Structures are given as structure tokens and as C-alpha cells.
Amino acid sequence: MSVTLPFFLALSAILFSIGLVGVLLRRSPLTILLSLEVMLNSVNVTLVAFSRYVGGSDGQVFALIVMGIAAAEVVVGLGLVVAMTRRTMVLDTDELRTLNG
Amino acid sequence: MTELVWITLVLPLIGVAVLAILGMKLPPRAAGWFASLIMLAAFACAAIATAILATRPAEERQVVQVAWTWLSAGNFSVGLDLWFDELTAVMLLVITGVGFLIHVYSIGYMKDDPQSRRFMAYLNLFVFSMLVLVLSANLVLLLAGWGLVGLSSYLLIGFWHNKPKAIKAAKKAFIMNAIGDVGLALGIFLLFVDLGTVSYTGIFAEAGRLSETQASVACLLLLVGAVAKSAQLPLHTWLPDAMEGPTPISALIHAATMVTAGVYLIARMNPLFIHAPKVLDLIVIIGVVGLIMSGLIAIVQTDIKRIIAFSTMSQIAYMFVGVGLTAYWAGIFHLFTHAFFKALLFLGAGLVIHALNGEQDIRNMGGLRKQLPKIYFCMMIAAFALAGIFPFSGGFSKDAILSAGLNVDTTIGWIAYIGGLLGALLTGIYTFRLIFMVFHRRASPYAERVIPESIKHHGEGPSTMLWPVYILAIGAAFAGLLQIPGLTHVVTSWLEPIAPDGMVEATVGQDWLTTLIGTTIGLIGIGIAYHLYARESTSPELIRNGRGRLIHRALERRLYWDDLYEWSFEKPVQWASSFLNRDVDRTAFRWAPLDGLGQLTAFFGRSFAIIENGIVRMYALVLALGIAGMILFLLVRGA
Amino acid sequence: MIQAPSVDWFAIAPEVALIVGAFTLLIVAAFAKGHERGLSIVLGGATLLVSGAFAVAAWGDAPVLTMADAFRVDDLTELVRITVALLAALVILLSVGWPRFREHGSEFTALLLLVCAGMGIVAGSTSFVTLFVGLELFSLSLYVLCAFDGKSRASLEAGFKYLVLGTIGSIVLVYGAAFLYGATGSFMYDDIATSLAKSGSGDSIVVLGTALVLVGLLFKVGAMPFHMWVPDVYQGAPTQVTGFMAGATKLVAFVALARILLDALPSQEHLWSPVLIIAAIVTIIGGNIAALIQTNVKRMIAWSSVGAAGYALIGIIVNGEQGLRGLVFYLGAYAFTAMGAFAVIALFERDQARENGHATLDGMRAWGFSRPFAGMAMVVFLLAFAGFPPTAGFIGKFIVSGTAVTNGYAYLAIIGAIGSVIGLGYYLRIILSLYDRSRKTDVGLPAAPGLGAISLVILLCLAVVLFGGILPGVLLDWSGQASAFLAISR
Amino acid sequence: MDLVVFFLAALAAIATAVAVVAQKNPFVSALALLGNLVALAVLMLLLEAQFVAVAQIIVYAGAVMVMFLFVIAYVGPRGEVGPGERKPWQIWLAILAAALIAIEVVAVVYGATFSDWAEISGDYGSPAAIGKSLVTNYLLAFEIVSVVLFMGAVAGVIFGSGGRPLRLSNDEVLAKEAASAEQRRREDSRAVLDAARDSMGGDR
């Protein structure tokens, strides 16, 4: 038995779900951002695996682009966390509920 | 000629604009006269345009002008299309003519009201809306006018918004009219779906393509609109309540013009209605039941304006009978004469109320004949016209309707005839009950106390209020002479072209027979009224405590229509809403059906708020469930 | 030697101008402290003008594919560019009197320019890669703009929520694109369409990809049940940004949705059509019902904008020339209506700045008497939301529902009508609150900072909304011309 | 051989991902993410994507992680305070939803028929090949990514500028939170009271 495409895709799906669980359950904004990174990386695995399967480089390039975007997203996310700290807001997303209804 | 019609249409709009922009800077009297002169100019234009129209040969009297296309897609096009023909001309003259007189009357009536300028602006707005309604050459524009008319009526009924009853009445009128608007809109939509057009030309040309069912459903929906606007059964309960508004409004909107829009609509759409004979029969039945019922109710009312309101309802029911029998000319003729005598009646009542410092209960009047002779004289003319006594105007037009029933000679025709004659009896009774109780009977202590003071102050009323009454009195007395059976036939020959499929016209013999019977019955009614109400001794107490007291009470409660609506709509919703009772904005709409409906939806709305709790994890959870659900859904469908 | 792709500079000039403008603004502002505001207005306005001018100049030209076919410039792209540039200019005007703009005007404006650039790229994208970068460019900038009002916690909260949820949405979109790539070997819409047309659509990988892409796009569009971010973000964001999002983001997201569904996945119509139908029904009813119980006007309009997304979905479901024309017209009209409505709210907030008032129904009582022009404009905008003549909102809804009826989706038109009736309920609440006589006072309001600029914005939006309602012909023609480029591969 | 490497790396990736999600201390979470990245890089090497693997490590470990660690150090390594409002149904629903997605995707993936890996040339996945792709077919995307990164820098400036932050000790945070919770409870009960009073018919 050799490593086939479904292996990678399944792994990617599992990682995706783990990351999603993190976003769904954690209350610390930092952990949520980290969980989002896990999700992004899992998608990258799918992209690269399909790229290998198709035999083109498009998937890999897209994965690189996703990485670059993810970096920018982290900057913005962390910037928000810093700003919230400066506003002496409690770092707990369940406390972010002045907007509701 | 079309230019003149355009000017007629635009003038009131200019009035509104000027009053809205400059209104507060003008002195109130100047604003009033400005609005009135605008109306006079509009009337002049309309009259000249009508005269020019009359000089044309009959087949060229129908003018359609597309001024501007707003939306067009394929066969369908809507825009500012103008339609001017004989029927429009009549409506135009009534609206601008009576409108002018009532504008003048309002100057006097509203002179102490700080908001009189706003009132004048609303009046002009109303006239504009009404003109849009009758001048439109397509149903969509008609609907726009229809809605605008309802809106201005709402504004004017609720004009005194520190009066809670007025506000409630305004809302009631608004909602009843909204039901009608929805019916009308659905009808238009259905016609559009069936025929692909909403212009009169298109509909009249294609109406033959409709099956009887299609035509009936469309006409039925249009009828819902007509019934609501014209305060006919079963959407009539708003009209008596609307009397909370200022009296000129009652005269102009709730007697002479707006409430006749339903009659206009049916007469206008006659090439369509002709394909729905069952609906026409229904219109007659609604009319007959309505005229008898409202006549009965009018007999026991004690508020002077409400009596006249019920009589309006009853007279419009006559018009419904007329157009339902396809005697369109008779219906419109009655509309025309009714505009005079009913406006006269209202304005006269307004003067009486004015003289009595705002008292409206006829039991607190009496004996005014001597103190207010001019008003008495005019009111008598109006009452004779209303009771259909020969040779006053109402007699000719009402008898024209009834003799049409005789001429048709079907079951429906006989129902109309007999019912109409019964109604004539009731009309005689309630009209002269009013006259006798207000002017003849011994004066009530209240009237005795108030009247001399009032006369000393301003006579029978300011001249701006009296003159319109005189002019209307002339109309009410002589307008009927336009169509004396066998002698003159101005109305029939003028209106003949509007009904391409022909209309019912009684023979001269039938006409005179009906006039004879009608006048006799009217006089009998007057006699009964005299017997019951003219003297103090035989007061209505006898009836109230006698064998008929149940009927009397039922009539006093207006045959429980309002209670029916209250119990079938208001109460359940009130219960439901107190069950679901929450913090929905209460000040917005206090009329229970809307309030309750709002609360009911708010109940559902709140269930969203449970999810929308502000916690981002929760949002992500919904998102995740959405993803899972979407994949599952597509996999199941795709497989 | 690597052959660099040929670049049609004229075709991408609007985006280049925006990006260069953003850079320039930041650099210049760094050397001109204290002139932040003036510089931002002048340079930002000039950049938008140049960008818009390029777009207008290319209007009506034959479609161009450039940057190795990754970007497509046709009239739809141009329309989005022009609309977005106009809306952005209005945002700058609305910001004039904003204290935060005085301190950080250059950053705000630069980000706004980048948002516009990203939107242009999304509108012209021909592949998932281009779509993704454009989407992220404008989304990330918008996250920052939402959180821009550093003084307000709600603003930060909105920014953070938007970031978390928006990122999930983007990830799901990429995930879906990856599966479509695996099945077809390309990220280009055209290639995907041809490949799917050949292989048939039964492949479950394709179905999976379609599902994920749909989720991602419906999220951006704000359709139920992927709407959760909309009310919170719209309420918390600075009001002028909300106005921009409600109009521009919705327009761009729908253009992206339409391009993908019609250009890349036309063979999957049997899959996405029922999804959109369900989403449209749920969105119209749900959005309007939820709006009923709101007391904050910003949030109320946010919910109503959720409902509006439902109407626009009908345009895509109906498809065809008329449906897409209606879609584009409706969205364009909606953008200016929303911008106008939020401009009025911005003015209210400016008036209340000292009392720190929020735009609640209670807070706005009788305010219409103090600001008669803004109040009447609000009434017009609300009528446009509700779809009443003579506003552009009526024409938009009319065309969308009309085509729905003629194409056998009458039930959608009925649902739309029901939604409008519900909508009337809360629009009336706003109007009644604005003109509550019982709270009327004769105390005049002092001139709010930036009053002139805000009034100008309101006036412009009012002009567009009424012009589109009274003389819709021109705008309809434009919409038709632009929407003709949807479904180019059909 | 490949199979062993795959399973080891996959196991490591899953374990580290779980650690990222489950760790109370964000500092540990961040380190776990680093491990996750390395494991994924190994997997990418298995897929012949050398350049992506390297970039993954450089971009993430070199840049993103540093940023994370810096911010964690800045805000203080505070874990989650208190139990929060985590209702059991919410947890189960969350796990159910995530698991459902994973199961659906895995089911589809295993249900589909895939041909074998494509034939690839020697320079597949090499920096040169990817680089070429980036400046030809994906030039636009590449440029936009750089603009996005620039935009990120602007965002950092915006959120980072201003006066010194007010630091609160952990105790103060707890006290504040308790106060706000108390406040909320009071408001809630007042709302319930009002509603009750309303429904008693206080309005008529």
C-alpha cells in the first residue's frame, strides 16, 4: 500500500475540523487566531496534494499565496488583540457582546 | 384642450408646493384665499376644457395622451398617461367645482385654527390626488392616485391629532382603505398577468380575450378596492368614524368626491365588468343591502354628522346599484347631483355646529328654524333633494337608477327597484328626522342658551361659509333639470360614448312612473318623520322602550358591524399579543390588528436574537452547521 | 529566460492608480504632520477621481483579458469600479468632521483606497486565485476600517468578529476552490466550466467543491444562514464604513457570486439553484422579521440589508438577461440608498456627539424636526428600501420580481412582497420616531462638524435614488450593458 | 517508507493541532502550531513540494510565529479566566458540526475514484518552477499579496500607535469581570421584572 491522494485529503479534513473546533470553543482571541492558522494550513495541504495529483504547479502557487495572505491576516488579528488590550478590554470573546440581538 | 387639462392637474400641486414652502410665512387668510383661487383657476380650466370637448363630435371626445413613459417592457408600459373623456370631464368639474366652494368655506371654518395653512395644503394635496385618480389612463397611475387619496384622507381625518378619537378614526380609515388598495393592486396585477397591459386602451381592447372566470376574479378584486374606498358593505365602518375630522373634509372627501371613486372605477372599467355579469349582480346586491341597512341605521343616530355619513353611504349604494345595472349614466348622474346636495348638507351641518359652538348631538338642538333661517332654507333644499322629491335634483337622478331596474326586468332588476323604493322611504324618514329635530322641534335648553350669543357674535356664520352654501343650494335644486325624462337628455347623450357596450336606459313612461312613486314614497317618509319627531310629545322614547327596542338597540350599535370586526380581529389579536406581550414600540401603531401583528412577528424576530447573542463562537457554530448542512444537502441532491 | 506576461496597463490602470495613490498618501502624510485631513481629502479624492476616470474612459470598450488571463476588464468590472469609487468618495466626505479622521486620516483613506482596489480585482477576477487575493485585500482592509474607531469598544469588537468569521468564510472558499481544482486541474473559471461540461457533473468531489464555494460566497453576500456577522459588524463599525459596506461589499460579493456560478459552475445549476432559492426565501423573511424587533437604527438597517441580499439572490436564480440586469440595477440602487441612509445616521451621531447618543429609535425621536432635510431624505431612503415608487428601490424590486414571475418563480416574488410588507413595519417605526410630535422642541441644533459635507452626501444619494426611480431608463441601460458580460461562456 | 513517514507526520500534525486548540496557555498553543507547521512541511516534501515546504517554515516560523510570540508576551500569557458560559450543548454541537464536516469530506474523498499521481518532471516543485509560475501566470496575485502585506503593516501602525496602554493585573481583570457580570445579572433581572410588569397590563 502506498500513500494515495485520499490520505492527504482526509488528513486535511481532520485538521480543518480540529481548527474549526478551536474557533468554536475557545474564548481567548489569541487561541482563536492560532486555530484559524491551523485551518488555513489544512487547506494548504489539500491544495498541494491536488497540485501533485494534477501535476501542475497552480495548487502550490495558490498555497504560497494563501500563506502570504495568512501572514497579513495574522498581523491584522494580532493588531486588533493589541488594540483591545490597550482599551483594557478583557481578552475573552464571550465578553465581546455589546453588539447583539 | 389637453393643455388646459394639464394645467388643471398641475395647479393644485403648485398650491401644495407653495403652501409647503411659503405656508408658514403667509398670513392664514392669505394662504386660504391662495388655495381657493388655485381651485377656482383649476375649475375654470376644467370647465373650458369640457366646453371644448363638447364642441367635438362624439367619436372624437376621447383623448389619450402619453406624456412620459416611466417604465416599459415589451407590451407593458406605464407612465404619466392622460385620459380625458366625458366621464373624466364630469368628475373633473365636480372635484374642482365643489372643491373650490369647500376651500372657500374652509377659510371661514378654520379661521381660528393655528394650523389652518397646513389644512389648506392638505386640501390641495387631496384635490391633486383625486385629479390623478380620474385623469389617469392606466391602472397603475390610478392606483397611485387611489393611494394618495387615501393618504390625504388619512391626514385630514387625523388633522386634529390631539383628539384621540380622530387619530383612531384616521387609522381605521387607513387600514380599511389599505385592504381595498391591496385588493385593487392584486386586481391590476392579475389583469397585467392575463392581458399583459395595464392601460385602459389595452384593457378595453383585449377584455374580450378573458374567460368569464378570469374577468370575474379580476373584477371582484377591483370591487374590493371600490367597496373599501366607497365605504360599502362590508368595509364601510370607517366612514362614520371619519366624521371626527373637520366638517369641510366630510363634505369634500367623505361625501362629494373620494368616496365616489369606487363608483367611478366601476363606471370607468365598464368594458371589463361587462364580461363579469355575476360581479355586476353582486354590485347591485351590495348596493341594495347597503342602502337599506345604512338608511335604517341613520334613523337612530344622534350625531348630526354621522346621520349624514350614513346617508352618504346609502346614496353611494344607490350609485352602486346604478352602475351594477349597467345604467352607468344614472350612477354618474346621481354622483353629480349627490355632490351638490350632500356637500350642501354637510356644510349646512357645519354651520349649525358652528352656531352651537361645536355641539353635534341633534338632541341638543331644535327650533333653529327661526334663528338660522338662511341655513334652514338651504338645508331644506338639500333635504328635499336627498329625499328624492320632485323636482329637486336628487329625485331625478335616483329615479333614473330605479327606473333602470324596472327597465332591466330581471330578478336583480326588481330587487333593485323594490329595495331602492324602500330605501327612498327610509331616506325620507331619516332626512326629515334630522330636519325636524334640528330646526322644528322645541329648542333644547342648550340651544336656547347658546344660540342668541352666537348669533350676536357672527350672525349665521361668516360670509365665506355662507356663500358656498348658497351656490351649492342652487346646484342641489336645479342640477336635476339636466335630465328631465322626455324633455332633456343632456346626461345620457353626454355619457353614452363611455360605455361601448351600451347601457341601460329606461323609457320615458317608466321614468315618470318611478318619479311619481318615488316622490310619493318620499313624502310618506317625510310624513312619518313629522309624526314621530316634529313634536315633543311623540318622542323616540316610545320606540326605544316599546316592542322594537331590540331592533332599535341593534341599529344604534350600527348592526354590530364594528363589534364584529372588533371581536373577530381586534380582540383575538389583543389576546394573542397580551399573551406574547413584550416591549414592541407601543406608540407607533395603537390600532390592535397592526399592533398585534407586529408583536406576533416580533415574537419570531426574538427567536433570531437568541442565536444573535453577540458571542462570536455562537456565530461560528451556526456557520459550521451551515457548512455541514450545505455539503449534506448538495451531496444528497447531487448523488 | 522567463517571458513575463503582457500587461495591458490601461486595463488595470484604475487599480494601479488606487494602490499608488494609497502609497503616496501614506508617504506624503508621514512628512506633513498636522495636515492629515486636508491631504487625505485632496489626495484620496484625486486618486478616486483618476481611478474612476480610467474606468469611465474604458466604458463600452470590448472586454480585455490581461495579466496572463487572470483579470478580465469588461463593462461589469468598470461599473463596479465606478460605483465603488463614487461610494468611497462619499465615505471620505462623510469622514470630514470625524475626530478620528483628523488624527489618522491618511491611514483611513489609504485603506479605503486599497479596499476599492481589492473590489475592482474581485469584480474582474477570472480565477479563484485572483478572486481570493482581491477578496482578502478588501476584506482585511475592511476589518481594519471597521475597528478604526479606536475609542469605541464596539468598533473593535465589530472588527474582531468580522475578522474571525470572515477568515472562516475565506478559508471555506479556498477549500472549495481546491476541490474544484482537484477535479478539473485549473483555478480558471472558463477552464473549470469546460472541464465540467465534458466530464459531467456527477463527481462527488465537484459537488463538495461547489458546496464549499457556495458557503464562502453566500457568507460574503450575507445571506442566511451565513449572515451572523452582518448585524454586529454593521452596528459596530464607524457609520460611514457601514454605509460603504452595505453598498459596495454587497455589490462586489454578488458580482463574484454571479461570475462564479454562471461562468465556472453553469453545469451545476441543478445544485446551486435550489440552494439559492432556499437561501433567498429564508433571507428575505428572516432578515425582515429580525429587523422588526431592533431598537438600534443602524442594526435595524443592517438586518434589512440582510433581507435585501435575498432579493438580489432572486436575480441570480432567475438568471437570464432581465434577471441579471435587475440584479445589477437593484444592487447599484441599493448601494446609494444604504449610503444615504447611513449618512443620515452619521449626521445624527455627529449631532449627538456630546451626549454620546446612539442612533436608537428612542434617541432619534423628533430629530426629524430639527434637521428637516436629513429627516425627509431619510424618509425617501426608507421608502426606497421598502421598494416604493418613485424611488430606485421600487424599480429594482419591480424588475427582479417581475422577471421572477415571468420565469416561473412567482412564489419568490410573493415572498419578496411579504418581506416588503414586513419591512414597512419597521421602516414606519423609524419614520414615526423621527417625527414624533410629542417630543418636538424648538431648540435648534448647532452646526455639527462636517455638516456641509454630510449634507452633500445625502443630497447626492437622494439625487441618485430619485433619478433612478423617476427616470430609470439610463441607469437601466447601463445595468443591462454591464450585466450582459455575466455568463459569458453560456 | 513513504507510508511510515506519512503516518508519523500525520500523527504529529494531528497531535500538535489538537494541542494548539486544547492548550489553555496561548504560549504553548503557539509552540504547538510551530510543531504543526513542521509536520506539515514534511508532508509537503512527500508531495514533492519542496519550495512550499521551505516557505512554510520560513514564513511561519520566521515571521508569523515571532509575531505571535511577541504579542503573547505583550498582552501577558493570560489563559482563559473562569469557566465562561460554556453550555454543554454548545460544546457537543460544536464538536458534532466539525466532526460532520470532517466525516462528509472524508466520505466523499474515499468514495471518489482517483487516478494515480500524475507523472512529474524533475523540477516539479522546485523554487525555480514555482518562481516562474509566480511571475508569469500568477503575476497579478503575487503583486496583490505584496499589497496585502503592505496593508497589514499599515494596520499594525494604526493599532499600535497611541499612548501607553493601561495594564491591568490579572486580579483587576477578574474583579472587573465580576463587576460586569454582576451588572449584567442585575440588568437582566430588571428586564425580566419590566417584562412581567408589562404583561400584567400596565399599559392600559
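Which chain is which? They are A, B, C and D, in the order written, and residues in each are numbered from 1.
The rule is simple: a residue touches a chain if its C-beta (ideal position, glycine included) is under 8 Å from a C-beta of that chain, and two chains touch if they have at least 3 such contacts.
Predicted model only: the values in this text are computed from it and were never measured.
Of all the chains, which has the CA centre nearest the overall CA centre?
Per-chain C-alpha centroids ranked by distance to the global centroid put C first.
Would you mind telling me which chain pair, B-C or A-B, is linked by more contacting C-beta pairs?
It is B-C, judged by the count of C-beta pairs in contact.
Using CA atom averages as chain centres, what separation in Å is found between subunit B and subunit C?
The mean C-alpha positions of subunit B and subunit C differ by 46 Å.
Counting only Cα atoms for the centres, state how far subunit B is from subunit D in Å.
Taking the average C-alpha coordinate of subunit B and of subunit D, the gap between them is 68 Å.
Approximately how many whole Å separate the CA-defined centres of subunit C and subunit D?
Each chain's C-alpha centroid was found; their separation is 27 Å.
Could you say which residues in subunit D touch two or more other chains, in rising order?
Subunit D, residues with two or more chain partners: 85, 94, 97-98, 101, 104-105, 108-109, 112, 137-138, 141, 145, 148, 151-152, 155, 158-159, 162.
Going by the contact rule already set, what residues in subunit A reach two or more other chains?
Subunit A, residues with two or more chain partners: 5, 16, 20, 23-27, 51, 53-54, 58, 61, 65, 69, 72-73, 76, 79-81, 83, 93-94, 96-101.
Out of subunit C, which residues touch more than one other chain, so two or more?
Subunit C, residues with two or more chain partners: 129, 132-133, 136, 140, 144, 147, 150, 160-161, 164, 168, 204, 207-208, 231-232, 293.
Going by the contact rule set out above, which residues of subunit C touch subunit D in the complex?
2-5, 7, 12, 19, 23, 26, 67-68, 70-71, 104, 107, 110-111, 114, 117-118, 121, 129-130, 132-134, 136-137, 140-141, 144, 147-148, 150, 203-205, 207-208
Using the touch definition from the top, list the residues of subunit D that touch subunit C in their complex.
Those in contact with subunit C are residues 104-105, 108-109, 111-112, 132, 135-141, 144-145, 147-148, 150-152, 154-155, 157-159, 161-162.
In their shared complex, at which residues does subunit B touch subunit D?
578, 581-583, 586, 615, 617-618, 621, 624-625, 627-628, 631-632, 635
Quick one: which bits of subunit A touch subunit D in the complex? Just the residue numbers, please.
Touching subunit D from subunit A are residues 1-11, 13-22, 24-28, 30-31, 33-35, 37-38, 41, 44-45, 48-49, 51-55, 57-58, 60-61, 63-65, 67-76, 78-83, 85-86, 88, 90-92, 94-95.
If we count contacts the way the header does, which residues on subunit A are in touch with subunit C in the complex?
Going by the criterion above, the answer is residues 5, 16, 20, 23, 29, 32, 36, 39-40, 43, 46-47, 50-51, 53-54, 56, 58-59, 61-62, 65-66, 69, 72-73, 76-77, 79-81, 83-84, 87, 89, 93, 96-101.
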